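Across the two complexes that follow, subunit A remains constant while its partner is subunit B and subsequently subunit C.
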Partner chain A sequence: MSAVMEPGEHYRVDFERLCGDLPGARTPWVRRRREAALARFAERGFPTTRDEAWKYTDPGVIARRAFAPAPAAAPVPAPEALEPFRIKGLDCHRLVFLDGRLAPDLSDVGALPPGVVAGGLARTLEEAPDSVEDRLGRYAGDEDNGFAALNTAFLTDGVHLHLPPGAVLDRPVHVLHLSTGAGDGTVVHPRNLVVAGAGSRAVLIETYAGLHEAACLTNVQTEVLLGEGARVEHYKLQQEGDKAFHIADTGVYLPARARYRSHVIDAGGRLVRNEIRVRLDGAGSECVLNGLYLLGARQHVDNHTVIDHLAPEGTSREYYKGVLEGHSRSVFSGKVIVHPGARYTDALQANHNLLLSENAEADIRPQLEIYADDVKCAHGATVGRLDPDALYYLKSRAIDEDAARSLLIYAFANDVLDRLPLEPVRAYLERTLTARLLHGRKVEELI
Partner chain B sequence: MLSIRNLEAGIDGKPILRGLSLEIGKGEVHAIMGPNGSGKSTLAHILAGRDGYEITGGEVIYEGRNLLEMPTEERAREGVFLAFQYPVEIPGVSNIYLLKAALNAVRKHRGEGELDAMDFLKLVKDRMNLVEMDEQFLYRPVNEGFSGGEKKRNEILQMAVLQPKLGILDETDSGLDIDALRVVANGVNALRGPERSLMLVTHYQRLLDYIVPDYVHVLAGGRIVKSGDRGLALELESRGYGWIEEELREGA
Partner chain C sequence: MGTSKQNLDELIRKDYEHGFVTDIEADTVPPGLDEDVVRAISAKKGEPEFMLEWRLRAYRHWTTMREPEWAHVHYPPLDFQAISYYSAPKAKGAGPKSLDEVDPKLLETYNKLGIPLKEQELLAGVAVDAVFDSVSVATTFKDKLAGMGIIFCSFSEAVHEHPDLVRKYLGSVVPHTDNFYASLNSAVFSDGSFVYVPKGVRCPMELSTYFRINAKNTGQFERTLIIADEGSYVSYLEGCTAPQRDENQLHAAVVELIALKDARIKYSTVQNWYPGDEEGRGGIYNFVTKRGACRGAHAKISWTQVETGSAITWKYPSVLLEGDHSVGEFYSVALTNNRQQADTGTKMIHIGRNTRSTIVSKGISAGRGQNAYRGLVKVLKGAHDARNYTRCDSLLIGPRCGAHTFPYIEVRNPTAQVEHEATTSKISEDQLYYCMQRGISAEDAVSMIVNGFCKEVFKELPMEFAVEAQKLLGISLEGSVG
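So, the complex of A and B:
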């Protein structure tokens, strides 16, 4: 009975039971890393609100529960169940993961350019572990953070995208991570590895979703390693069930002239954390982090970004917006560190929040640390409500209160969608998000 | 059409309108002039249905109905239109969205079907010609970054699209250059008709050279203190408001 165990102790029990079957079990370095990570977890446990980085998001609700690994054989859902997450009009390489494991029957990767890998990381660990030995874990989260440690220990599967130098993926890769769990208390640890060689190009779209309203935990680690001049566009559509916990950490490495653009859209989940750490380590590299969160009820979403400018002439742009209803809460932490030598850095950060209820709350924590000269660094942040003058103006033009509110909310959020370069994704989000945001009122009726 | 009787209203306990009465008949054009701060915009907003005013006395009857009890959007649907003295900027909502949403709401209320995209665009372009506005303004966010004069033109465009029964123009002429004033006035004149009444709030007689009013009223201290015809505007232009106040004192 778990009552006699230390909190978190059951993870060791689960590990001992499962480790022989986890991918890469026969590869010594994989095993060693898992064991080291588990030891780290045993030592440090989960973060708490005493940790500066988790001050506003209490992982206690997760730490106190005994999440069990999702069963290896997930029930295969009917194809219709996947339909809501399909992006219409998007010609793509499709990968579907069920409870953290690649489901080849539901996936459709299609033809790939020579040398390109777009598949499951588990398979790589089984068939070609040496190809990722020096990359896997290089930019993952610090394993002092219990989530990162647990992910490495239980690493099961996730997307492995590999582009040799110069490779160009014309079609985006769409990865659907689906939890099938009908019951509470299961956990999956997706691990994604993107290696984009010099001058290569790719678009990666990830959807995280649940088929049932269950208190499951998704604990994701994603590493994105770009080569010089490579460009990666990364969308994350987080549509987990309303009771789900979603903790995600993405580490990005950018050498000279590399460009990484991220678009994180949060519409689901009960407790969500998106941590993104970007290291601009070569001259002239560029990162764009955009985000939109649409929250209601008691949802809590924490976007935690850390941008390290380590080289000259780097550019970073952060643009996050949120709409909050009910008792929801958002946290945006934007840390930008301009290290000595990162001259001519140009960093901009903005976070704007629209509160639709008295009980919603948005916390904003910009942190700019500048240790170099000739740097442009600015941030802007607002927490506001619907403009009563704008509402009155619209109503004086015959538009009813409800429609006027919807129109203003839509306009506020749409500004982020307008920045999405991929039209089918924009259209998909416009449909799904505005339906959620505007309580079923179709935008087309308004415009 | 509109009957304002002894209207008393204020804001935050401060009285602004103090027993204002005014009758506007069908097809009539009434000019309202008066010193700054006398309550002209307050009157206009109370008619249009802005929140926050305390109505402490009197009544407003519009087409036989108690106007002050109607929700803002219903007033608009029933044909009340206010061209704002300070039009509101709405980032993210394009002008064409607003026009379409507004027109469809009005048409629905009248029991008419929605216009299809083609007919709608045709109508809007036609009305844009009337106020000599460039098409690019359709796709810009409502009033955002518009110059003062462009905002005023945009108000008249909306009025021309919505075809209200009662148009209230609050200082639409302020901030317009001479050519723009003529264009806007032509636009307004084109909307004049036996079914449409206008209330023009202005400080300048010049507008009234273009849009000739049937009546001119002076609003001072929250009341209509003098009414007359066009000649009154000319007199105000040359003599200011001081003499009216004197007259009132003498009369008291």
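So, the complex of A and C:
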């Protein structure tokens, strides 16, 4: 039978088998959306490199494989297994998802301000589906992205963070998405929904990681809806295993004076794509997108951002940096669109890449589309190696070649970490990432 | 400021100066394209067999291709069967032997355009090859150049006189399969310019071609081939105009440059095809493929373009940096006003070691113009120590225009150093205020600021072209501020 199945056809078979048991299956609108999304996926399939947005990232390796849904009951790992992903010194509300489903026993949400929800989306779909009906799927990328459509079709669980107007979360929410599969070929579709009411504040930290080295697919879709004047700080630490596929799409909506800051750190994964789409739809809204990728071996990481300035006086800042070793390849596409009427827009974008190996490749595509005249937009992009003068300077001060190189790489990458406001996260990343960059040595030891 | 704004509006509506039609009897092939038309064109030109074969191969390939749609331009689909693929001023007898035999009406046309061939011949300076619709009309200074071994003639003449050179180099940079419009051009091109500069010769004067589309419902498909042999140097200028008509006309040219070891080619364009009227009616569709290859060590190719005309410009003068230490340059000013659209830029392909490229692009959008820079900088694995510097600046004048930047950067060598910078801005109130405070009128101030904005590119142009380019910009831009 499999011989006659179209590529991707097995997703329909899985869907028919599972859809009755998915959260919210009894709610008509949830069911309708899942079915519509599956139909869209059937129509479009996975993107290919012929799609301009996927020019440099070939999803073929994913499309050709038949990924099976991860079993509903994941084996619960020992608490020590989670230890490497804990952020020391961070007082937080903690949520742990195993193979895309909330594991209440491993989670520790603690006390929340009145009206605030920080839990699993599955529970909301079961218990209060109406509360998210007009929000879920509003800024999803279903329309032109097969991965996003597939996520909606298999929509199961993920973080649901809801803040009523004016609510302030003092402690950050740390979400750990763990893949437990030891074997290849499973897929999870985490679905996150963040709704921050007018004037509310929250910090969300997400970690994506695998417990085993397995060729699994994590296909995430995140929607972040802010109210007027709301502020959300969003960290994403992607530490998937070396064989893992990670495809993520994030849609962000910003009305007047809202502020969204994203920090995406890529350290793991075999094939990774982080797509972030931000709509600045109200006057004076602001978005900051920072990114750092440290790649080696045959890793491929694609950061794809689209910022739509639809309203006057919007500000956007993008700052992405990458270090490439081995046969790795990085892609950065950053599109900024200033729509008619978005006067006084101020948009800056920068992408800098350090190529450390003969076999690494960096592809950059910064794009500006501007339809309004009173704007300030700029982008800058560079690819290069370590500055020989700087190396010489350090060596002339009795620092050996190896240490000098490590120091310069560290300084290059640290520039992004310095932009992270949350100290414990910064310290955690410095420990885990610099250990890799400096081959286990400490900065102090090098000087 | 109300009245001054009115004056400015009048200025901006300034009519296209070169919009006259010359009434000349022409030998035109009926509209439509099939193998017979290709054969007919080839036969009319009395071409050798290899040319016909090449054209037919291109035509057959073209029929399998689709029009490209990726550019940031919008226009109704073209009907390629409604275009006449050949139009030549009807020759009296065997065709002109010298300028004295050229139809005086034709010469008058060129005089109106400001390139009196006779004067040109007298004044030491520029040697001109003028292309009227599809056929090369006259080439000045030919004898003088021939004395130095330089071949500067129409393409048809080159096919007959220097078939070996044509055969060797035609399609070697832009193959007949390259893209939709290049394939079309390869099948039907009627004439163009041919330049060969022998080893070690420095061409003593600027070579120049003036293109003009005159006949109605014709496309212009010219082909330029420039070969600079080892250690030679040539500077080539190209200018274009067309009469004012309501319908859109297609111009699909191909330019191939070949610079051998230590050779240098400088190619400058001032493109002023009819841009269409205020509402976007008429105007030339300028879909052009230009590419140069640095075939030897230390070769250098430099493109400079000032694009002020055409309803739509689709053009990416590129350089293949094959030889070690070869250099590619691209300097561009593109202006779109009213409803003009431009999607232009360059490709720099670094193949050899120590190759260097510089890209400076200045886009100016006014009215409802849409201006896009699209470029590729590619550093291949073997291109050790390649270096690229790219700068794209956009200037927006008025709230309804658009400026876009689509650069692609692909680096596969760690020793490469690639930098890209782009900015977008408008003429600030402060700058204007500062100038006006000192008694400079608004339009002069804008003109000054725009010229300053473009200076980096203008300084690359030969003197007479730089003056013309500044004038052109001035005409199109004055009064765009309100």
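Things worth noting here:
Note that in this section the second predicted complex is superposed on the first by the 442 of 447 C-alpha atoms of A that agree within 3 Å, B and C clash if a C-alpha of one lies under 4 Å from a C-alpha of the other, contacts with A are read in each partner's own complex, and residues count from 1 in each chain.
Here is the rule we go by: a residue touches a chain if its C-beta (ideal position, glycine included) is under 8 Å from a C-beta of that chain, and two chains touch if they have at least 3 such contacts.
This is a predicted model, so every value here is computed, not measured.
In the superposition on chain A, A:379 makes contact with subunit C only, not with subunit B. Applying the stated contact rule after C-alpha superposition, one finds that A:142 touches neither subunit B nor subunit C. Look at A:407: by the touch rule set out above, it reaches subunit B but stays clear of subunit C. When subunit A is checked against subunit B and against subunit C, the one touching more of its residues turns out to be C.
Judged by the touch definition given at the top, the superposed model places A:365 against subunit C, while subunit B stays out of reach.
The residues of subunit A shared by its contacts with subunit B and with subunit C come to none at all. Interface of subunit B with subunit A (complex): residues 48-51, 71-73, 75-77, 81-82, 84, 87-93, 97-98, 100-102, 105-106, 109, 141-142, 158, 162.
Interface residues of subunit A, counted against subunit B in their complex, comprise 387-390, 392-401, 403-404, 407-408, 410-412, 414-415, 446-447. On subunit C, the positions that touch subunit A within their shared complex are 70, 72, 379, 381, 394, 396-426. Every residue of subunit A that touches subunit C in the complex is listed here, in rising order: 52, 340, 343, 353, 355-358, 360-385.
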